[in-house]
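Once you scroll down, you'll see the structures, which are given as structure tokens.
Each of the next two complexes has subunit A plus one more chain, namely subunit B in the first and subunit C in the second.
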Partner chain A sequence: MTDASRPAGYGPALDLVTRVRGVRGAMLVSGDDGLVVAEQLMEGIKGVAVAALAASLASRLRRAMEAAGLGASLFWHLQCDQGSLLVVPAPSGVLIVAVAEPDVNVGLVRLELLRAAEAVG
Partner chain B sequence: MPDEIKTLSSQLAQDPDSLVFLRLGEMLRQKGQFDAAHRVALTGLERHPHLADAHDLYARILADKRDYERAFDEWDMTLRIAPNHIGALKGLAFLYFKVGDVGQAVAHLEAARQHAPDDPGVAQALALAQGGGGPGGAPDAARAAAAAAEELAPAAPAAAPLEEARVFAGLEGAQEGLLLLDAKGQVLGGALKDPRGRDVTDAVAAYLAGVSHEAARTTKLLGLGRWSGVAAEGKLGHIHLTPPGGDAVLLVVRDRSVPMGRLAIIAQRAAAAARRWLELDR
Partner chain C sequence: MTTRAVEAWTLEPLVTFVKEAGARLVLVMTSAGQVMAQHGFSRAVDVMSAAALGAAIIASTDEIARQLAQPPFAVLNHQGEGHGIFLGVVPTGRGKLVVLVVYDLHVSSLGLVQLFFEQLTADLQAASPQEGVSKQVLAADFERELSESLNTLFGR
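The block that comes next holds the complex of A and B.
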């Protein structure tokens, strides 16, 4: 895994997520502009682009859920044939993003993402 | 209605020669189960080939499936058996309006009015068709013919639920928690209400416009194959998005009492209904 963009203090939050078996990487993304704040990704994952798209999807979902009267989005999960993207927004607006294998324990990743969001604040 | 369908099905199974297939076929048709209605009508026709109502039922199902050529043949056959059959006269008028032959359409409606002067559908369609002869010229005539055709359509609101409602006919939450959208955020079916009961269909649809493309792009970028759904948890409820086919997106919304796993099952059922509906609509 690469951790080039890993400001001090965010590492432990990302570690919570990446230590789960089946997680291929984790990122902290600014929800407002889709920029990478910190990342621990496996080689080959285009973090910058994924961050931008994840932030855009998060924004659409947040607005749709608020319009539907469901309140703020707490967790979302993009399910695909060969894996998943799992996201939890932290109170500060930073998104904690995990990229995972198809057979990952989604419940466990969700819990760790929520813990990471709490740590990030 | 599901109970009645079950009862009629069992009556038909006990007595395959019974005319109960007419009611059963019509009920399945109104529920949007066109393939099942088609099978029932065809089996009935095999046993009662000279029954005008059986041909009329079959024609309506064919018209629902937009197989207008065969629907025409069946209504034509109905009239050969029963020359004053109101359903067939209206059906043929509908098809003539569809192809723009207003003269033939009006002639069939006039014949229908002679035999059923109190039929509101016939009177309304005639009024609409005659409304096109004004100074506005051809565009007005075309609009009037289209309006008259709509009035006569076999799945008219008086006879069946609205087209939109039929996408999710029989599914729980069809009118407050299920929404089918195209890629531009236009509503194809269903409706959405917030926890206070206010209609939020259009607002939610607008925010979800393009979500299918975005999910597909993200998935491609990550090399994750095809996206099959997005499950999201909110403070007061959950949503599930599914791509039922093409660029369409199906949204299922439930309150927090429905666990995410169950929501996924509900979404799968609704996606199957949406897929059938989208295929019929093509």
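The block that comes next holds the complex of A and C.
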């Protein structure tokens, strides 16, 4: 797992997520810009692309939720053939993103993402 | 919104970039400000102004880099309340090109523009003719060349 971009204060928040079995990587992403703030990813995951596209999706989902009168998005989970993308937006606007294997314990990842969001603020 | 090119090989990479990055306005030009393709502009005077300003900004940052004894800056981003301006340099077989992108922060983001700018760079480099650089524009021909380019860019 590479951690080329991991500012000191964010390391423990990412550790919460990546220690869950089946998680292939975790990132903190600036929700407004779609830029990587910190990352711990396995080889082969294109962090920059995941960050930009996840932030774009988060922005559209937020507007959809608002339009539907459902309030702010708390957690979303995209399930694919070969894995999942799980995201929790922190109150500061930072997104906590996890890339996981298909058989990951989604409930546990969600719990750790929420804890990481609380730690990030 | 229309996308038009003076040099046909720039068109497809630009159309793809606009679609993927959600850019509002784009100019592809030489470092001298000679426009090769545009997306989203409706008036020739806006294209001329944007090209001149974009080329001047790149020239200024090149000079700052030179004074710092650093290689030229590759990209520059300036973000406002509702829009962002992104300027990037693309080395191609036809010389150094400058790409000016204006994006709406409610539609796109710096991350998306940067991500798909990498793809645009690769596409322009692959599509550019390798033989020679584009011909120099002589002062005597400048007015005519400019009019021809603007006519092409606005489909006249």
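Going forward, the second predicted complex is superposed on the first by the 121 of 121 C-alpha atoms of A that agree within 3 Å, B and C clash if a C-alpha of one lies under 4 Å from a C-alpha of the other, contacts with A are read in each partner's own complex, and residues count from 1 in each chain.
In this text, a contact is a pair of C-beta atoms (placed from the backbone, for glycine too) under 8 Å apart; a residue touches a chain by one contact, two chains touch by 3 or more.
None of these values were measured; they are calculated from a predicted model.
Because the two structures share subunit A, they can be overlaid on it, and in that overlay subunit B and subunit C fit beside each other without clashing. Between the C-alpha centres of subunit B and subunit C, as viewed from that of subunit A, the superposed structures give an angle of 80°, to the nearest 10. In the superposed model, A:S73 lies in contact with subunit B only, and not with subunit C. Once the two complexes are laid over each other on the shared chain, residue contacts for A:D33 go to subunit C alone; subunit B is not touched.
Counted by residues of subunit A touched, the larger count belongs to B, out of subunit B and subunit C. Applying the stated contact rule after C-alpha superposition, one finds that A:R21 touches neither subunit B nor subunit C. In the superposed model, A:A49 lies in contact with both subunit B and subunit C.
Between subunit B and subunit C in the chain A overlay, the least Cα distance found is 9 Å.
Touching of subunit A by both subunit B and subunit C, each in its own complex, is seen for residues 49, 53, 56. Interface of subunit C with subunit A (complex): residues 105-106, 108-112, 114-115. Residues of subunit B touching subunit A in their complex: 192, 194-196, 198, 200, 203-204, 207-208, 210-211, 214-215, 217-219, 221-239, 251, 253. Listing the residues of subunit A that touch subunit C in their complex gives 29-30, 32-35, 48-49, 51-53, 55-56, 59.
Residue ranges of subunit A in contact with subunit B, taken from their complex: 44-46, 49-50, 53-54, 56-57, 60-61, 63-65, 67-85, 99.
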